[in-house]
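Accompanying notes for the structure given below.
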Amino acid sequence: MSGNSLGKLFCVTSFGESHGPAIGCVVDGCPPGMPISTQEIQVELDRRKPGTSRHVTQRREPDEVEILSGVFEGVTTGTPIALLIRNQDQRSRDYGNIAETFRPGHADYAYWQKYGIRDHRGGGRSSARETAVRVAAGAIARKWLNQQYGVVIRGFMSQLGPIEIPFVDWDEVGRNPFFAPNASIVPALEDYMDELRKSGDSVGARIDVVASGVPVGWGEPVYDRLDADIAYAMMGINAVKGVEIGAGFSSVAQRGTEHSDEMTPEGFLSNNAGGVLGGISTGQDILVSMAVKPTSSIRLDRRSIDKQGDAVVINTHGRHDPCVGIRATPIAEAMLAIVLMDHALRHRAQCGDVSCATPKLARLAPSGVQRVPAPPR
Amino acid sequence: MSGNSLGKLFCVTSFGESHGPAIGCVVDGCPPGMPISTQEIQVELDRRKPGTSRHVTQRREPDEVEILSGVFEGVTTGTPIALLIRNQDQRSRDYGNIAETFRPGHADYAYWQKYGIRDHRGGGRSSARETAVRVAAGAIARKWLNQQYGVVIRGFMSQLGPIEIPFVDWDEVGRNPFFAPNASIVPALEDYMDELRKSGDSVGARIDVVASGVPVGWGEPVYDRLDADIAYAMMGINAVKGVEIGAGFSSVAQRGTEHSDEMTPEGFLSNNAGGVLGGISTGQDILVSMAVKPTSSIRLDRRSIDKQGDAVVINTHGRHDPCVGIRATPIAEAMLAIVLMDHALRHRAQCGDVSCATPKLARLAPSGVQRVPAPPR
Amino acid sequence: MSGNSLGKLFCVTSFGESHGPAIGCVVDGCPPGMPISTQEIQVELDRRKPGTSRHVTQRREPDEVEILSGVFEGVTTGTPIALLIRNQDQRSRDYGNIAETFRPGHADYAYWQKYGIRDHRGGGRSSARETAVRVAAGAIARKWLNQQYGVVIRGFMSQLGPIEIPFVDWDEVGRNPFFAPNASIVPALEDYMDELRKSGDSVGARIDVVASGVPVGWGEPVYDRLDADIAYAMMGINAVKGVEIGAGFSSVAQRGTEHSDEMTPEGFLSNNAGGVLGGISTGQDILVSMAVKPTSSIRLDRRSIDKQGDAVVINTHGRHDPCVGIRATPIAEAMLAIVLMDHALRHRAQCGDVSCATPKLARLAPSGVQRVPAPPR
Amino acid sequence: MSGNSLGKLFCVTSFGESHGPAIGCVVDGCPPGMPISTQEIQVELDRRKPGTSRHVTQRREPDEVEILSGVFEGVTTGTPIALLIRNQDQRSRDYGNIAETFRPGHADYAYWQKYGIRDHRGGGRSSARETAVRVAAGAIARKWLNQQYGVVIRGFMSQLGPIEIPFVDWDEVGRNPFFAPNASIVPALEDYMDELRKSGDSVGARIDVVASGVPVGWGEPVYDRLDADIAYAMMGINAVKGVEIGAGFSSVAQRGTEHSDEMTPEGFLSNNAGGVLGGISTGQDILVSMAVKPTSSIRLDRRSIDKQGDAVVINTHGRHDPCVGIRATPIAEAMLAIVLMDHALRHRAQCGDVSCATPKLARLAPSGVQRVPAPPR
């Protein structure tokens, strides 16, 4: 119920600051009896961790996760699963100059006004480092969703700054440091990032996430809609400024005949809805897209103020990602997994395990993994 | 905690179906001592109600609200405020033909799969009629926010189908049936809608909402961020497929030097953040934009299936809005008001009434009511 | 999440004041597909309603319930069920003299200090009249629990003031106005009440509630234990000052060999635990006992103060129950039903519908409907 | 919202098993700006920790707490405070014999039926060891309550098995291992416990807790009443079977003239209400009493069953408290502190910091620290 908890039945409570002793979370509500190991969680953490290419922050954080509770002899017990990640590379001196000033585009000023105090080291609580615990918790959710229902959750970068990245295939996503689903565009991305890094500036990105195999019927019709909770989760990722489901903002200029997905006995004919109608999953792929703003911490001079309200010029020379979007794909996947798992449990609570409707309609197959039609951006 | 409740401390629990006896809600957590009358709530309801122009549904619903509790001698007592709106115009026969089939783009199929049963009359619970209670509850929130903090919440239509609507001034918004902030474009909108209605098709829209006067410091840094809760609330409005805060999806192609809003002792120099940094309000205007999809119920033939899974052709001849976006502005305003009020109370709980920071920084004035820069759509 | 909501998945949100237009509630989270009628709810309401004997308040309230939503063609749809009870007998003049003073033992003073305002008519929100909506919501819960799992929830009065009421049989409970499970003691209760009423004083009571047929495994091990939530629900009934599970306060003087219920292949040999161990149901009867304090509103002179803090003498001549415990049995049953239903859904969410353990242990039968051993009061 | 979280605004999420790597909690919602140190938390933990006298378990657990987050330079930041206590003395072999059988009176059987799996080592999650984290979290709450409002929370043992312990003075409580407020009775308690330990049996206890200085107005009138939440918190402590507020079960036999606390300009004349009327604090002392059952793990032979449902004879030779009530006082204090802090924040959210009523009534002073009248037990 607190502001640092996510989910109602599969509930992740997060803690920790970038340069404190540790970050971590408590995952409450996980069903008992599922095998889970630190290795399985570590695999996901390693996809997000810093220092894996020259295009991301060079902070050295092994991000090694420890399971403190809730798993006995390799199997979940149904009690809270506490996950702990000790911080290793805490060069606080890098951040000494920001204690008295506010960085433009950063949470510094808002935190300080809210609390009257802040842990300024590396952004403290507002650091993207906190997202590691989401990835760890998400690893549990995606395993359960996959085991129980065959749900597969995958994301990719669909735009880096001005460069759109047409979807080609899923296999490529894991082969380049950008999570780009398109091998031919990777050199352009590399060049763009090298130049950007040299300039000292930063840039935004667009990330798409797709959940396949989600059963029809998850979600709630009003307020806690599946898409509303997804929007909440995605907008709750650091630096995200926009969220779309299915056709998203493209639907503004669409006509009803174009947007509404027709149904046939063989399935839906399109997926403008993005797999959600009336807040409830339709059995089609869940299609989510999000906008990640450019990193606020840049080397270039920016006008700002200090704690006394006086004008200062500020620049940030710590180890920062020039595009936070590059490491955002595993985070978006994790957030989607957590939301889906929460709704899986909520659905099971109210409606039971057995689907209510006739099997014939199960023929309504997902129409594919891509946004249909692709939004004309 | 239930799926039909919105907000944690200012908590709106909604009930009711389109063609049942009534719709309504319980507003819990409202501070005591605020004068409120049915008239004040009715004013907001009348802005949303059907039948006010030829461009919206001709259903005749006076939408008269009754206060059942929580107000004594014209003043809130701190106990739950129950609001009741009886349904009047329940021509169920209009909807008889949809009991056995599923309308494309509509929640029919998902409801039926989820619950194994549905009240099909007028969409039942999934009807946009439910949004009336949000407007009613929002009227309470916006009055309190205005009295207590001077917060003003206003929305407008910024795009109707393919027609962008440049912002001119707030006064115009209330003078035309589209909530368009631009008198010169209204004739074009009228023509477009007349033609659309004739064609039997429907279209989407974009709605922008702005909250001015929000104090710095509202929100939570992780998960329950102010912008995350706004995204949840907006995506929770029927037919919404996308939400942006500040620069939104435009931030994908922005550089850090362009996006991050510089600060001076006189205030922020831009508002790409849309008034929220790190999940916390900055004191600038809160800028929200949302995409409303085209109405799913149209007169034109569409392929679909029936409960047996067999192919059917369906069209809908009831009284439907050809563009649900036209009546969406008061709803979006209400949802933003409810979220802000909830966070106002949450902030007061944790941090007290008195702002923590020095007064000097209060000089950081909002940079204006419009999105800066306007997104290049 | 609000203070007027009860339950996490089966969630009852209550509203209304004693002498306002209406009381009612929204029941959210009820599974779809259950037949329910106003008649079935009315049966329970009639057990609690005033004016049924000379021993309770003579206020004339038919307490007729209207279902406003969530039920279609006689069956729950899974959407919120709103229940409305209009107030009929609102003789506000009876209460005019208490607007400026505070009644000893009543919530007047605390309300006024909390909110700075109160609806004093008939106690306003603090009136026991609000418990009608709990009974109405409880009727839905008990029907579902019975249909789904065969759970039976029954209560009785086990003590009236100084008179202990030994349990004889369930059938007698419905035959006398006291809910006493013992026909031979009823004349003594009648005499006691007649004398009490004449004296102008009031008295307390003890109510026991038993839930039979509760499956093993409901509850949560820490904090939201089944017994903790029961304690919360019972202490949340007006005038309740104490709650016991199983042996309750008798366990203070017990030894481990006496208290801990031994198990055999044929079942438990006693039920000191009251059907809950480690916060989780054991499959034995759930045994709950609660203390109801004497009515605060009495005809006799009492010292108090007025809003100016000056000394006054106050007595209350409205229509009040001389023993609020007499009508408390249906309320206690309803509260237990709501808590059990909530935990039934929570259990189903996390652990699924199918019991995990081997069938052999199902032989562990409940050891009986009575508290074993009966507490030496 | 999860079952392992306590409190809505001051929210404690607990994790950990008795013999896993660690136990701990996340405290979310603590106001910023309060100085807090591990030492201050350790003081409370040391009051509860095992091995401090021959009358409690001899398990050697230093219970050293580490603050992982939420405190910067010795001051709370408003972000989640994670507390970690590593388990040291994990002699799992002591518990090997219970993996296949169920101990009477213990949570074994219920856990296993619920989850189909359990961490049997030392009771796993159901171990009273988990209560250490409540004490740690409570230390934060009590400090804030005291700093902000002058609230003082103190508990004592009022009965050990058959021996009633008349209250004499607070100073004595900290001087004996029983938390008995009465020096003269301590030798009798020592003798009783020595004999009990020798016999291999266990015994129950009664614990009273008093909160002084609680401002008038905290609580909610319906459902989330202050006393309901206290009952939930106390019944949520391991081994508790009954909870009373104020006169508790004594109020059953009281008359209204006896029970209802009269008011004068100088204050209340008695405190049968236990400081709560209508679910809201009155400014009098909050008086809580709870029954702790005898320890279930005893050395004496008991009949039980194993996982196959076959009859076994079981006894427990690990290191167990012969009376878990002896160490329960700091836990009860902590739980009361957490509930009060939660309601302090909730009250501040809805009603603001400033009391609504006139100062004159502040004269209504608490009538003393003891239950008035003492319950005739």
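In this document, chain identifiers A, B, C and D correspond to the written order of the chains, with residue numbering beginning at 1 in each.
Note that a contact is a pair of C-beta atoms (placed from the backbone, for glycine too) under 8 Å apart; a residue touches a chain by one contact, two chains touch by 3 or more.
Since we're looking at a predicted model, the values are computed, not measured.
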| item | value |
| --- | --- |
| Which of B-C and C-D has more C-beta pairs touching across its chains | C-D |
| From chain A, the most remote chain by mean C-alpha position | C |
| Whole-Å gap between the CA centroids of chain B and chain D | 45 |
| Intercentroid distance (Cα basis), chain C paired with chain B, Å | 39 |
| Intercentroid distance (Cα basis), chain D paired with chain C, Å | 25 |
| Chain C residues counted as touching two or more neighbouring chains | 1-5, 8-9, 14, 29, 32-33, 78-79, 114-117, 125, 221-222, 346, 351, 356 |
| Interface residues, chain C side, partner chain B - complex | 1-5, 7-9, 11, 13-17, 20-24, 26, 28-29, 32-33, 66-70, 72, 75, 77-82, 84, 114-119, 124-125 |
| For the chain D and chain B complex, residues of the former touching the latter | 1, 8-9, 29-33, 78-79, 221-222, 345-346, 348-354, 356 |
| Contact footprint of chain D on chain C as seen in their complex | 1-6, 8, 14, 102, 104-117, 125-126, 130, 159, 161-162, 201-206, 216-225, 227-236, 238, 241-265, 269, 272-274, 276-283, 291-296, 298, 300, 302-305, 307-311, 346-347, 351, 355-358, 360-361, 363-364, 377 |
